[in-house]
Amino acid sequence: MGSMAGTHAADRAADTPATRRRRRSSGPPGEPRRLAYLYILPAVAVFATFIGFPLVRSATFSFYEWDGLGSSTWVGLANYTAVFSDPTLRGAFFHALVLIVFYAVIPVSLGLLLAATMMRARRMRGLGLFRVLIFLPQVVPMVVVAIAWRQIYGPEGPLNSLLRGVGLDGLARPWLGDYTWALPSVGLVGTWVGTGLCFVLFLAGMAKIQRELYEAARLDGAGPLREFFTITLPSVRGELAVALTLTVIAALKTFDLVYVMTSGGPGNRTAVPSYEVYRHAFLIGEVGTAAALALVLTAIVFVATVIINRIGDDGQGPAGPPATRGIRALLRRRHDDPPTTVTSAPSGALSTPAASDEGGRRR
Amino acid sequence: MSRATRKWARFVATAGVVALIAACAPGSDDDGDDGDAGGDTTADADGDADADADGDTDPSDLGELTLVVWDQEVRGGQSEQIDALNEAFEAEYPNITIERVSRSTDDLRTTLRLALSDDDAPDVVQANNGRTDMGQYVASGLLEPLDSYAGTYGWFDRFPESVRSLAMYSDDGEVYGDGALYGLPQMGEIVGLYYSKPKLDELGIDPPATHDEFVAALEAADDAGELPIQFGNLNPFAGIHEYGFVQNQFVDAETIRNLGFGRPGSSWLEPESVEATETIMDWVDAGYFTDGFAGLDYDDSWQQFTQGEGVFLVAGTWLLADLDGAMGDDVGFILPPAGASGQNLVTGGISIPFAIPSNSDNKDAAAAYIDFITNSEAMATVADAGNLPVVDAEQQEASGLQADVFEAWAQAGAEDLLVPYLDYATPTFYDTITAAIQDLLGGQRAPQDFLEHLEAEYVEQVGS
Amino acid sequence: MISRTERIANYAILILFATIALYPVLMIISTALSPDQIGDSGGLHFGNFAEAWTQGRFGSYMRTSAIVAVLVVGLSALFSIMAGYAFGTMRFRGSEVLFYVVLLGIMVPAEALVVALYFDLRSVGLTNTLVAIVAPQVAQSVAFGTFWMRAYFRSSSREVVEAARLDGAGHWRTLWRVLVPMGRPAITTMLVLIFMWTWNEFLIPLVMATSEGLRTAPLGLAFFQGQYTAGTALLAAGATLVALPVVLVYLFLQRHFIRGMVEGAVK
């Protein structure tokens, strides 16, 4: 740890024209160093070997017909044609769309509503405890979640018992075997997992809204609804983007739930892209189709992320390659704002949890 | 601006080089590793001496080794008998340690393909004998032909042609039922009709021997407010058994065999098949199956049967030990009722055979193990554990439910009543027919549509 | 200020949501403590856990999971801190492009990797090894960790770095003696998130290893479900065992989990 004298020296050094110029530019602080390459070497190497290379190899695989065992045949774009023409695979993407409603749209709406309701009370005792409990589903392993919900949905399971108990016998059904209800049933598990996350996210976002805004609005005679749409919602746009990104990706990537709960059935009603990738590559030996499917899925994840973060971006996103701008806006989330506060931040501030992270996010 | 462009240009160039390296075709350079050639070389390298001594290998001379065995015998009785046999094997050959890995049928299926193609493959696996599994593995050179071992151990004498042919393929996996032997079963297996004795007594009817009697029994049970047939179809495989059971009462043996083995000469669209399909739908509509069967787990279903829910249960002899244990004298077993063909045709044949992966490093020990768990002493162990041994069943003591099953098995053999599982037909037929049956029973496919769907894949397989 | 009724309504809503969130968890725990065989006496059956532990071989599965978690968390934390330090405090050619590429990597779903990765690793004989399970997860975690640590290093006080340097500390010493101790909160958050993802990961270990000794806990549990056919108590006990480590870590370090998620940690 530097001495006080050192800190003052740094303060003085910070005033030289060179540093000032550097601070204004968007580049990272510090002087040029070739050493940096050594520091990033392990990360970049493992990244290139286990993410970059396989991705390129997937692209290669996707042009071949291969059973994973013998030799392969070049088939051009036939695998991609299959992805878009095979009813089961097309169905899988449609199911993913339905899951987005359950994984993302409903939890985000519920989370917003719940958080906004709670924020009307200035201070609620015990809110911290509820936050911990409601967030819990997010950390439980998916396999455990799937086993629990498989029981809940059983023909004689708690859900049907509850329905029969309140006289709604007509609604009781074999949820996971029902052609209409199997997919929503799987989706509802996603809702259960995601709602707590969204709630906690929005709670954090709304806590930063200045109280005076609400007081002013109330003086203007605004009701809860107008308050929500004119103040609350615009203020948590960033959190909204994060929540949507996380939940939409989770919906598109659903695998464990389907693997454990339904194996894609009844019929193919709960077949989802990830499960089809696995099934084609490792069960029925259509590796090329699986690779094409995986790449299409990846592309969809990218596009969804960019679109969502365009929405969350408030128009002054940092420059850069257009494709990454949205993602950058999400991921950096203003951490990279010119560090005007940094030089004056007392070092003590850094000892409180996340001061560094939250510091950049205050508006 | 230009700096940024340059950076990107360099990045793109680097990516291009990587792409070139990555562009080699999949499988082109590792054919040898995965195909016969590679597998055999590695195996021979460390097992040359064994190979020479093929004729009369004594497992005690193989040195210290660990035999990795993947089985799917997870149910009460079966798991027990494997444990007992493994223990006896280890006692007989102290130099060999068995590492047992057991999985449900479904879970074994989903991981077996990955495991077989690995250099570090298990030494003995249970590979389902249909084209979906064993046929594919044989075609890809992943399984070892067992004929030389069969000579050594006298398997051709021990197992009749009818049993062996269920695990025989040509080298390329194209012909099923002929060629080399790739696996040996431990148990016989038939999908018959379990019935609750007290419930039949209450209804005042005898176990049905014909289709008409069976339908009358279903009606009587339904009228009496009993559940006629206990059934859970959440696990996709269950539907194959239920559908086959009904099909056997309408379609003749030759047709079912052609369809099941993927041999030319028949069709899914014949009137008998239509009639069978419509009948099972009539039963669904009449509420003869468990309410909500589509969402009912297979194991939950038979457990409900043991607790008195259901007059009949269509299931294989793999439940013999479990049902016997839970119900004792309250349960009986018969062959499916005789229908149009006048015969009590029954789906089944052999339990999933034990095979040796080409990538195994301990093939001789593996063969010795397979011999050990299928010899006549093993058959006695199988019977003792409450199951149906594939051969010598008539020499075993049995009573109650087990006696029923032995008798049905003997009759099926004597009268040539066995017809194959329908999913044997093509490399992808398991997925096709399980989903199609779920669709049919769920009212998502009309009977005609269902049959045309199956016919399309059958025609593609037999190329007619 | 809000009215008393509204306050009560708020609590009612919170209790409702908390109940829904907890119900499946509590159901599993209570099933785990119920008698396994019909007809067994009532009361709490803690023996189910021991029974499930041996029958389901959870000892071996949990050990593999622990080893995998330690390796993935340790390696990816080390690599991420180093890379984040370089990206956050040093200027070098190509830094932006490289960083964006790593960022894009966060978005790549494991599904897109496992197919090619499995077959390529198989051809070099690496499937069915710890490497095949650990390395892809390290790569994914490094993508996230580099982003996370870079944000920390960028916001860390520059005069501290420069002061350390004036005191004669080299860049390596500055990193480990000054910045890392100061960044404990941010690093802890990264560690717990990577731990959770690794412990819960299903697809990569499912595909990459087939030998019994390399099965992780979630896989073991999924197989136990198919294998254990006569009752639900032991299955629930197994599920409880598998969830326990990550839930315990969550309960003790929940602030870090929640903060990580709030900051938009994607995987």
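Going in written order, the chains are labelled A, B and C, and every chain counts its residues from 1.
Just so we're on the same page, contacts are C-beta pairs under 8 Å (C-beta built on N, C-alpha and C of every residue); 3 or more make two chains touch, one makes a residue touch a chain.
What you see is a predicted model, and the numbers here were worked out from it, not measured in a lab.
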| item | value |
| --- | --- |
| Innermost chain by mean C-alpha position | C |
| Most contacted chain pair (by C-beta pair count) | A-C |
| Most widely separated chain from chain C, with each centre as the mean of CA atoms | B |
| CA centroid of chain B to CA centroid of chain C, Å | 38 |
| Separation of mean Cα positions, chain B and chain A [Å, integer] | 42 |
| For chain A paired with chain C, centre-to-centre distance based on mean C-alpha positions, whole Å | 15 |
| Residue numbers of chain C (touch at least two other chains) | 96, 101, 118-119, 206-207, 222 |
| Where chain A touches two or more other chains, by residue | 52-53, 57, 60-61, 68, 282, 287, 321 |
| Per-residue multi-chain contacts in chain B, two or more chains | 8, 26-27, 34, 106, 114, 117 |
| Touching residues (chain side chain A, partner chain B) in the complex | 48, 52-53, 56-57, 59-61, 64, 66-72, 74, 150, 153-155, 173-179, 182, 262-268, 279, 282-285, 287-288, 321 |
| Touch list for chain C against partner chain B, complex | 38, 93-94, 96-97, 101, 118-119, 122-123, 125, 127-128, 206-207, 210-212, 222-223, 226-231 |
| Chain C residues touching chain A - in the complex, by the definition given at the top | 1-2, 6-7, 10-11, 13-15, 17-18, 20-22, 24-25, 27-28, 31, 75, 78-80, 82-83, 85-92, 95-96, 98, 100-120, 135-136, 138-140, 142-143, 146-147, 151-152, 154-164, 166-167, 171, 178, 182-183, 185-186, 189, 196, 199-200, 202-203, 206-207, 217-219, 221-222, 225, 232, 235-236, 239-240, 242-243, 246-247, 250-251, 254-259, 261-264, 266 |
| Of all residues in chain B, those that touch chain C in their complex | 7-8, 10-11, 26-27, 29-30, 33-34, 68, 74-76, 99, 101-107, 111, 114-115, 117-120, 122, 299, 303, 307, 322 |
| Chain A-touching residues of chain B, taken from the complex the two chains share | 8, 15, 18-19, 22-28, 31, 34-35, 106, 109-110, 113-114, 117, 136, 140-142, 233-236, 290-297, 300, 427-428, 431, 434-436, 438-439, 442-444 |
